[in-house]
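Each of the next two complexes has subunit A plus one more chain, namely subunit B in the first and subunit C in the second.
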Partner chain A sequence: MAKYVAKRIGLMFVSFFIIMTICFVLVRLLPNPNVAVVGGMDKQVEAMREAWGYNKPIIVQYGIYLKKVLTEFNWGITTSLAPKYTSVVSIIAQKLPATLLVNLLSIVVSIPLGILFGIYAALKKNKWQDQVISVLIMLLISVPSYVYAFLVQYIFAFKLGWFPLVLKSGTDWLSPEMIHSAILPAMSLSFGTMAGLMRYTRAELTETLTSEYMLLARTKGLTGAQATTRHALRNAMVPILPMILGEIVGILGGSLVIESIFAVPGVGKLYTLSISVRDYDMFLAIAMFYVFIGLSASILTDISYGFIDPRIRMGGGKNNER
Partner chain B sequence: MSDKTNNTIQNVDPSKFRFVQKDAKLHDMKFETKPVGYFKDAWYRFSRNKGSVIAAMIILALMLFAILVPMFSRFDVRYSDTHYNYVLPKNEFLAQYGIMDGCKDFSGYNQQLYDYYSSIPGAVVEVYDSYEITDAGRTNTYYDIKMDTYAKVGYATVALTKAEYEALAAYEQESGRQVMYPIVDKTKIKYASYQQDINVWYLHDQKGKAVYDENGNFQNIFKKATDSDIEIGNVMQVNEYGEWDENGEYMVKKYTSKNDGNTYETRVLYNEYYVYQHGFEPCFLFGVDSFGKDILVCLASGARLSFLLSISVSVINLFIGLIYGSIEGYYGGKVDLVMERLVEILYDVPFIVVATLFQIYFAQKVGTFWSLLFAFVLTGWIGIAGRTRTQFYRFKGQEYVLAARTLGAKDRRIIFRHILPNALGTIVTAAVLIIPGTIGTESMLSFLGIVNLQTGNTTSIGTMLSAGQSSLSTYPHVIFFPAVFLALLMICFNMFGNGLRDAFNPSLRGSE
Partner chain C sequence: MKKRILALILGVVMVASSLTACGKKDSTDSDQGTTAGTTAAGTQSSGSENDSTTTATYTYNDYVSGSPATWNPHEWETNSDAYIMDYTQLGLYSFYLNDAKDGYKIVPGMAAADPEDITATLAGNETYGIPADATEGYAFRIALRQDACWEDGTPITSEDYVYSMQQMLSSEIKNYRASSYYEGQLALANAKNYANNDVAGQPKYESIGSMGYASVDDAVAAGVTDLYIDMEGAWAVTDEDGNNIFSITDENKLRDEAVEEGEEGDYISPKEVYDGYFANGMANAAYQADYIYAQNGVYEATAWENVGLYAEDDYTIVLVLTSPISDFYLYYNLSSNWLVKKDLYEANMTQTGDIKKTTYGTSVDTYMSYGPYKLTEYQVDKQITMEKNDTWFGYSDPAYEGLYQTTKINTQVVETHATALQMFLKGELDNVGLDAEDMETYRTSDFVMYTPESYTSKLTFNCSKEALETLEETAGANINMTMLAYEDFRHAIALSIDRTAFAEQCTATHQPGYGLLNYMYVYDPESGALYRDSELAKQALCEAYGVSDESEITGFDKVQAAALYTKAYNDAIAAGDLKEGDTVQINFHMYKSDDAYKKMFNFIEAGILEAAKGTPFEGKIKLEFVEDPDYYDNAMTGKTGIIFSTWGGSSMDPFGIMQCYVDPTMYHEYGFDHEADLTLTVNGEEITKSWYDWYDALCNGEYKLADVDTRLEILAGFESAYLQTYVCTPMYYRTSASLCSRKVTYATDSYVQLVGFGGIAEMTYNYTDEEWAAYLAENNNQLTY
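After this line comes the complex of A and B, so read on.
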């Protein structure tokens, strides 16, 4: 197992490095708006460009970039975004709490609800409750999250006035007002996750409920509820838990659209902004942040399979040896 | 020994042989029923699934909507008339029954606002309620009214040439409809906010409340042509071009424009002027957005673009994915290993990064549409390739493939004639599901403004959504139609895809 984990992590860094190289080259080949400033560049930009080797060949530039990233964890400075000439990493760190707050709220709501509804639908399979939940799943999965966002915003913020329109500004992340204003974005985010979990739980549980060990459990005298919780549910959770883990890592990335609709000052918003004002260092840093999140989520999912169900040997050879 | 057996078998008199089953009926010679092929079976199962069939029909209807509406509409995407910003959906036929009549309810209008709108012909359709509220010793009257958003547009000033003016005057004579209205005497406007307002034509006090005459009617403040006016240049030739009514008020103000020739500035009731210009009543089935564009035709054009993009992406991805996956799956081994690594790296690049880079790089060179198409294709085929690969691993070891190879079939023939047809079902399903995914992502990107597809005669659903977002509270219809369209499309495509998946699933064969 340890060997497999090490191999996966090693491969992840190789992938990360290749993607970073491609992105770096592509971004550096772009025309930089700061060069085109009439009447010469800002002195600080000039100094920055000199320090980062912008006037040298692209391979040398990449060497400098890599060296700064690896030794100082310095991903560059902002050139167009509001607090100019500040470290990109510090700005991303500033924006993370808002994204985390909204996404954590959504995860806290959607995971238990999704699993519960999924279990309920599986237990009531082919009855009207199951039909209703199936239709709900279909609706929630198909319709894009921003359409819900509009709906939720219109109904709960405009018509009923229960929640504020957009996220409260400020940095008091855990104050009641802040959480109150984060409910709507969290709600719009959670529908999709919830529906995915509902569908998955329902499918897995119906399969385990009809398996033979359930019959055995009933035969040896367990009640329906006992057999379901002790045998069916545990086995059904095997593929669901890794999925949840993946979700949790994914929340760091946030959602571009939801953050834009509810004015959440998060990473997604920063990313969209960095594209529109052409702040390339910022763009590259956030893009690599997303790549990292995606890669680590997939690794975590894969590895957790092995921990949750010892029968699964990830990366095992044909004899399934360790 | 061998001689003896030979003797026993070969030396038997042929006449002693007889056919065992010459007249017996063989029951397994022929199928009693017609053979059902894979695709026929799939079609049968699909048509039994009512939800999917309905979804497929709705998709077809939406596609027809996207194709036909821009062809037959009176408007196009370029059309914009900012006078009609935010007017509500209206249909002349349904309006008779009180549905989609372009009216909106407003409540709590004070006397000034009520006077303002009731002075515009047709704007106030119905007064539901009027009530008095006493606040800080003052009693104010408030009104709940039903307002026609089309009539609410009110008056406008238009500048005409002499020929245009004369044509308009002739039209008025001929049709008996009044288009031009007298010009207002600005000196009589007492309420500061009304100074620049073209709609105000009635006598009012300093707070904007109308001063009625003894019968409760508005009193006009139309400009009277005095002798001194006539002497000043701007109304010099009022007798020639202006029209006097019986009270000596004139309807047209003439002034010499800076450029050349003469311009007639006249005050018109915009709805009537619209009828004069276009030959039909202003009437927008889905209403108008914040830029004065017809939502119906914009939505249809946006849908057209979405369909065009997503179907091309789907077809190209299917093509690339099939070839790539076939080679991977069929040859396996080292070829597979190398090709899978390439796929892994491409797969790990977040789409949003790809889309942005393509957008920054190619949008100016080849156009937004093409750059977006390339971005979708770059990583989009991976899903199809993976599926094809798995299917090939499944089928390539089977006996019929071995048989084909034994008979001398070449690789290409085995791939395309023997394995692919069997694998096609699931792959086609995956390709169909690319369509809603692409549409969703495209509208998300254009909503965020990362991609701008709004050029010339095209627009995109995402752009419409982001335009409607600002007026979500006051005019939800702007965002309603694109949102509903998108939601409906997504739901139908998913249902259709599910139906296809079940239909092509061989393990479900004969289960119904």
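After this line comes the complex of A and C, so read on.
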């Protein structure tokens, strides 16, 4: 197992390096955005680009970049985004808490509810409860999250006044006021995740509930509930867990639209803006942050299979074959 | 097992109860929740309760769509960046509403008095290059306020100005705003060389126009031997290193990214561009002065002491310019400042690549205010808070009495319009922009404020018969597309559309427009006189629309339109351009095919078809909607019938806008002949030039420095004549609308050039923060406007 994990981690860094190289090259190949600058300022911009080394061959630029990253953990500075000429790492660190707050709240709500409703629907398969949940799932999946965002904002914040219209300002992330103001954006984000989990859990559980081993379990004398929780649910979780881990990784990405509607100062906007304004260092730093999280999550997911389902063994050695 | 079931049930109950708890908490905290957006108001109110015996507080709750990236005066780029600067910095001179609130006045800000013109005393100075016979406009002595200080109380002296400018122009820093002080109206003597000290000794290339030559022939006659071409300006190409200046004899090919690789023209040499387009007799020979360059010496290593800004004493600075400047533009350019606080500027300086950069002005800690307000909070993409700067001299100067009632400016970053509107209606914001849908609700509100923009939108016609015939070739049998080449037909279309109804029904806030220039343009900066209000401009429109008084202009006359349709029909039949039974098709290219564009299209189509009733064209005109994101480019190459085009520019320079209508690289009226003759009456004398030459004479040539009345006469004559070519027809003047809160009152309802509605300086409050909170509570946090 340890050998397998070590191998995966090694491969992870190889993948990380390859992706970083591709991202670096592709971003630098984008047209120079400052060509469009008119007036006298374009000379300054061109001079700055020259001084920053943007006119050097890409391979040279990449060498400089790698050296800084590896020796100083210096991922560069912002050249267009606020605050200007500031370390991109510090900006990401400033903005990540808001994204994490909203998205963690969303996960806290959506994962348990999604799984519970999914289980309930599976257990009540083809009954009216299942039909209601299925309709709900279709509704929640087919309507984009920003529609819910506008609706919940209008109803709960504007008309009823139960919540603030936007996220509270400040950095007191765990204060009751801050959490209170994060409920609506979290709620808007959670609908889609919840519906996905409901659908997936229902489908997986329905399949396992009709498996032959469930019949065997019942004939052994287990009650329906015992068989469901001990066997069906555990097996059903094998494909569901990666989905949950994927959701958890996804929360770090933030949501551009939800952040925009509820004025959440998160990383969602940062990522997209960094591309549109060609803030190279910012884009690469965020991209590689997500790549790292994604690759780590995939290793964690693979390892977690072994814990959820003892039949699954890692490493592919002969001893693990069944 | 039962325990597990119980645990499961408990889990469900816990989740459910936590949600319920949230709901209960929200309802009990509803006041807290609804006032959360008005945090400043709330805080101020509670503060005001505590300090009720002292002073009332007035918080202005504003919003912006994005955080400023920097408010370092040396590096700012966008309007968003300028937001904090507008409140926390102050120019040497400031613009305020005049006493009648219908214009602006200029008052000293950081300066103690008006600038003293000392050109005569420096005339002939070789260091600064002031001509020996110069008497005014080159050098100015400015006395500084001795009570001006930074927010921490440190006095601001002339050394601060000198240090700040030295940093601004430093070639080691390469500040974004440096060129504002070495090029253009406020170019300081020797500043350009100083800013280029890092390339000292290298050739300095300048356009032959800026060197005083009108053409290549002039330059050659004056002894210029080596000529160069600006390939970026002339052909939008550079080499791989971004170089744009090449010898006109250079035959090395450059990649033209606008052409697919492998297709003809994918690579082009400077020689080909010059010989084919800019040489004498070629199509763009008229632009030699702009795109043909010559070497004008080399960048000389320049000591800071030779740059045209120095301190005479602790509170007096002297500005020496490279070229004379008029009084207005001196004040105008000095209404923004370049001051930075030395210790913070240097403490936040780091080497970045091969240059130095400072993070001055990117957070509260890296910035020092010196204006009416000081920055107290800044959270990226979320919040900006500014409070009264108690150390600002204005609060103890009687000259500023009655101004700056606002005690705190609480600005949130809100990107989504719907969110901003809801915040406004809950009293959490004190202004909100309105879009087209909002106007259906708020058009009649007393709280709507209209802010004119310098843009005019117009219908632009393709009037080239050849281009229209090319379009017709693929249009099918019995389809005629060449009628737009007939002036009477275009005139008839112009008269078919009710602009007032169009602006009201098809646009959010815009006003019907009849001229090329709207009410934003100031033709005489010294007096602030608006072009559109001048008698000559009014007369120009009356001539163009055939009425005797400006108030009679509607641009809508179905009877005359019908007569013109009939005349155009008969002429076209007689010329063989149209056959009886033909259907006239006009391709109307629009950016998108959404409801708003369709509505505009349908309105115009209905107007044309209605006006054509009873004429030979009845039932024979068909407008074709073409969705075309590249409609501007296609119009410039004659591939469209009609488009909507919009032009605008610096509202302080109405003359420069003429370029948009006569420069072939800019105008969209395909088929318009900018080289055709135009005769205008100037000071009682009839003078004939081509359309382009009139623009050139007015903006670059013999009328550039003419008296204001002469320039006005030329501009008005130009506008009237252009409108009567019917190559385009103005439709509306662009205007944005916003709602102003009941809490505040602006100094004027009418927008005034340069000062708007008076801004924060002259805004007054109808409620203190405490009263406003009470008012909101009374209205259940739901306001109507």
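Methods note: the second predicted complex is superposed on the first by the 240 of 322 C-alpha atoms of A that agree within 3 Å, B and C clash if a C-alpha of one lies under 4 Å from a C-alpha of the other, contacts with A are read in each partner's own complex, and residues count from 1 in each chain.
FYI, a contact is a pair of C-beta atoms (placed from the backbone, for glycine too) under 8 Å apart; a residue touches a chain by one contact, two chains touch by 3 or more.
Note that the structure is a prediction, hence the values are computed from the model and not measured.
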Exercise. So, A:P83: does it touch subunit B (first), subunit C (second), both, or neither?
Worked result: second
In the superposed arrangement, does A:F150 touch subunit B (first), subunit C (second), both or neither? both
For this session: Name the contact category of A:S106: first (subunit B only), second (subunit C only), both, or neither.
Result: neither
*Identify the partner contact of A:E177: answer first if only subunit B is touched, second if only subunit C is, both if each is, neither if none is.*
second
| said: Between subunit B and subunit C, whom does A:I19 touch in the aligned arrangement: first, second, both, or neither? | reply: first
Requested in this report: Check whether A:S169 is in contact with subunit B, with subunit C, with both or with neither, and answer first, second, both or neither.
Outcome: second
Is A:N235 in contact with subunit B, with subunit C, with both, or with neither (first, second, both, neither)? neither
Larger residue footprint on subunit A, choosing between subunit B and subunit C, goes to C
**Request:** In the overlay, answer first, second, both or neither for which of subunit B and subunit C A:I261 touches.
**Result:** both
- Query: Who does A:A225 touch here: subunit B (first), subunit C (second), both, or neither?
  - Reply: second
Dual-contact residues of subunit A (subunit B, subunit C) 150, 153-154, 158, 260-261
In the complex, subunit C touches subunit A at residues 1, 4-5, 8, 11-12, 15, 19, 22-23, 25-27, 29-30, 32-34, 36-37, 39, 66-70, 72, 75, 77, 174-180, 183-184, 232, 238, 241-242, 257, 350, 352-355, 357-359, 362-363, 379-383, 412-416, 418-419, 422-423, 425-426, 428, 780-781
Per the touch rule, the subunit B residues reaching subunit A in their complex are 344-345, 348-350, 352-353, 356-357, 360-361, 436, 440, 443-444, 447-450, 465, 469, 472-473, 476, 479, 483, 486-487, 490-491, 493-495
Contacts from subunit A onto subunit B in the complex sit at residues 15-16, 18-19, 22-23, 26-27, 30, 138-139, 141-144, 146-147, 150-151, 153-154, 158, 256-257, 260-261, 271-272, 275-276, 278, 283, 287, 290-291, 294-295
Subunit C partner, complex, touching residues on subunit A are 31-32, 35, 39-41, 43-53, 55, 77-78, 80-86, 91, 94-95, 98, 109, 112-113, 116, 150, 153-154, 156-158, 160-171, 177, 180-181, 183, 223, 225-226, 229, 260-263, 265, 269
